[in-house]
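Okay, so chain A shows up in both of these, paired with chain B first and chain C after.
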Partner chain A sequence: MTDSAIIETVELTKIYGDRKAVDGLNFSVPQGSICGVLGRNGAGKTTTLKVLLGMARPTSGTARVFGLDAANNEASVEIRRRCSFVSEEKDLYDTMTVGEIVRFAAGVYPRWRTDLEQRYQTAFALQPLASIKQLSRGARTRLALLLALCSGAELLLLDEPTSGLDPAANEEVLQLLVAHAAREGATIVLSSHHLVDIEQIADRIAILDHGRAVVQGALDDIRERYCRVQLVFDGPAPEAALHTPGIVGVKRDGRVMRVLSSAGSERLVAEARALNPIAVDVTPVTLKEIFLETVAVEI
Partner chain B sequence: MLWYKAWLDTRGRFLIGLVLLVLAAAGNVAGFPHVQRIGAVDLDPNEPFHQQLSDAIELSRTFRGFVWHEWFRQSALSIGALFAALLGTSHIFSSSRRGLLFTLSLPASRRHWFATRAATGLAELLVLMVVPSLVIPLLGAAMGQPYGVGEALVYSLCGFVGVATFFGLALLLSTIFHDAWRPILIVCLVAVCVSFFELLVPNSFGVFSVLSAENYFRGGSLPWAGLSVFVVVAAALLYAAARNIERLDF
Partner chain C sequence: MLIKPNPSSGVPIYLQLMEQVKHAIETGALRPGEQLPGIRPLAEELVINVNTVAKAYRELEHEGVVELRHGAGAFVSARAHGTKAADKFRTARPVAAAAIAKLRAQGLTDEEIRRLFEAELAAHARVGGQGD
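Let's look at the complex of A and B:
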């Protein structure tokens, strides 16, 4: 296990029946980072989080959190003592009120933070006597986040944490997560479809596709490495293959060839010049472009 | 806190069961004077179930016999088995349960959750079997028909051992099936089949004889061997359910 990695999976595979939900996933998250996990529906994001929490057993490979084997029953309890989880559905106990579930969680988590509980209960405008069954989707999301943030966890695993929130509340929650991570030194792993949210708060990303990590690393490094090279020719773009390592995708459109590289532009441009383009343009790419190029989009 | 959660999950079914069983026990006792007013009944010895009917009529001549036959041997066991099935199928890791992922993310082992849930269910079943039975000595005294509290406790505890077995079966089935209905139906079906078999072939396995402490009623001795078998079966069912829950993937 890497010294500073709080999560590390090696060749992690999880098969449900005849469906491979996670397929040889190698993934790590350094301590203290905010890691965004991106992927289409069914890419393996939620299953990976479930394996890390001991909710599902790996079919093969290993998953370690805090250096502990997530597949081991006793170790799994220790992992859950030190981390908290917000599920995509935000499914909580409908038979309880807000106050009851907060007291319940405070009794279950050994390092419950009463100071944070009071702060977030006010910030999230949650009424202790309100029935959970009656809460709006947004209020339910805020309550689930409150429970996770007050648990005293070193690691927060958040599955679509901002779903159901309006744009203003969404922004508030993102700022709060960043502030919480900075103040408490917590590591946050959040899976989301909202690339803008991830781009805004994450310092690392992992893009999963068909149960594998197709891109992962520090967001700044990825932004630096990934670029688009646009070549314009005086005739139709040549069909010749480019051999520079790190080419993610090539698109030809009449006289224009667009190449996405994950290894910078220098070597690619050098190789491309041999094709005699009349113009070469190197442009940075957004996270959305990287996501769309690396994940096989089926429409 | 896990106890609190287990109580919240089951309190509705438990309280309904308690009210129903108390009312049924009270109704049983209140029915005794009416049964006594029924005169002699001529039974054709060739009729099916002649032996069972004449036993029932004979037992109904005394309050002690009537209560044992009507309540402890029949109503308490059948209603108890139904509520054992209902309490056993509301286990904490049922995939249809709201808050399942929240439960699984908490720092408690599945074994701990299961043990808490099973212990809560068994405690509730004990109350369901004992409290309504204690209504009988109370009402009996009010009606001028004294009935021993100790005797009521013996029968209800034997009955508890029986319904605990149905509870174990329901809990095990609910770890196999994803819906609540199939386990309830299967447990009820098993209970009905056992009843019919005992009715058709009296004292074949002596299930109801053990669970209603017939030997104690007739001769004052407890069916220790039979009760031990039920305890072992119930423990085995609970163990199998616990093992299943530990293996489940969510």
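Let's look at the complex of A and C:
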């Protein structure tokens, strides 16, 4: 697939009991990218991250990080040495102070970046003597990110890094991630329900649904390919099927037919003209619309 | 000089950036030979992906709008202003203005005109091609 894939899974499957958390997932992330992983709760995002980190064993298929097999114990140690993971819960030792946990982490990570630690500790306004237990949600997130960014990791895996943050704190975190990727060349994979954040900072996305990637690739390509064509007819919208490849969905409502295409509008509009619509509109679609159209609706 | 792109407009961010740079050149906010912001500082300022900025600059270079000088940064190309492209726009503008005026006179709103143009462009893209 990609020439310099940092992450690559092939037909990755993880079954818990009778539930397929990940179901034949093919997913790759090139080096230096910020990749947004989207999906409903239970789509397989967290399980995939856990498999990549060796915290869960694949039932079948393979997961490689830095070209190393995540299911192999020795390789997995190497992977974890070069990656940093921030869980949605921002697990931290609550009995420590900010200063203590920073010193502790600095001792654990051989490639700890003292320069970044000083910069971020000031930028994040984290008081070394503050007790972790008493930190606000935003401060707790900033501390967890500080530890991840200063660890010297080449790959950051962030599970919902902005959940529960106010808009200003949210923007700060995005700024930080963009700057870190730009300056340090780190690869960042983040799962999020904030589609607008992903649209803003990611250059790649993967939309997971029922353990599979239903949409995946460079965000710019996806944005250029996906569009909505609205056709208005003189009478009821015809029931005739459209055969242009790449049609994701068709909705008919009275005289109006709306078609979501994943392959641009040109061929679709050409085909639709033959149905003699009185008006044809082509509009770009947002990531939110793509997301809602491609993930299955639960009953 | 460049403003934050709108991530939810559906238009790729690198295209929005390219348009902003071209517009800045057209209006004279950026002049030939002048330097554009660095890729990294711009990414940080606009809080967008550094690869997205790099892509916009590469495409602008490809179109001859900017020159990427190794190690020195991006500069507005000497040919970018008063060139054939600018002349082309200058002569095309009254044509577009006349069409818009006519459509408005027929009672179409600006939003309707915009969608009409987009649909017509999409319909004719395969036949007409992308020009030079």
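Quick note on the criterion: the second predicted complex is superposed on the first by the 295 of 299 C-alpha atoms of A that agree within 3 Å, B and C clash if a C-alpha of one lies under 4 Å from a C-alpha of the other, contacts with A are read in each partner's own complex, and residues count from 1 in each chain.
What we mean here is this: contacts are C-beta pairs under 8 Å (C-beta built on N, C-alpha and C of every residue); 3 or more make two chains touch, one makes a residue touch a chain.
Because the structure is a prediction, the values reported are computed rather than measured.
Engineer: Report clash or fit for the pair chain B and chain C bound to chain A in the combined superposed model.
Structural biologist: fit
Engineer: Given the touch rule stated above, what does A:G32 touch, chain B (first), chain C (second), both, or neither?
Structural biologist: In the superposition, A:G32 contacts chain C only.
Engineer: Per the contact definition in the header, classify A:A182: touching chain B only (first), chain C only (second), both, or neither.
Structural biologist: second
Engineer: Touching A:I278 in the superposition: chain B (first), chain C (second), both, neither?
Structural biologist: A:I278 contacts neither chain B nor chain C.
Engineer: Quick one: classify A:L53 as touching chain B (first), chain C (second), both or neither.
Structural biologist: Only chain B is touched by A:L53; chain C is not.
Engineer: Now for A:D91: first (chain B), second (chain C), both, or neither, which partner does it touch?
Structural biologist: A:D91 contacts chain B only, not chain C.
Engineer: Just chain B (first), just chain C (second), both, or neither: which does A:Q200 touch?
Structural biologist: A:Q200 sits against chain C, while chain B stays out of touch.
Engineer: For the superposed model, what is the least distance in angstrom between any CA atom of chain B and any CA atom of chain C?
Structural biologist: Minimum C-alpha separation, chain B to chain C: 26 Å.
Engineer: Which bits of chain A are touching chain C when the two form their complex?
Structural biologist: 32-34, 171, 174-175, 178-179, 181-183, 196, 199-203, 219-220, 223-224, 227, 265-267, 269-270, 273, 279-288
Engineer: Per the contact definition, I'd like the list of chain A residues that touch chain B in the complex.
Structural biologist: These residues of chain A touch chain B: 16, 50, 53-57, 73-74, 76-78, 80-81, 84-85, 87, 89, 91-96, 104-105, 107-110, 144, 147.
Engineer: If we count contacts the way the header does, which residues on chain B are in touch with chain A in the complex?
Structural biologist: Answer in residue numbers: 1-2, 4-5, 8-9, 98-102, 104-111, 246, 249-250.
Engineer: With touch defined as at the start, can you tell me which chain C residues reach chain A in the complex?
Structural biologist: Within the complex, chain C touches chain A at residues 7-15, 39-40, 43-44, 47-52, 55, 115, 118-119, 122-123, 125-126.
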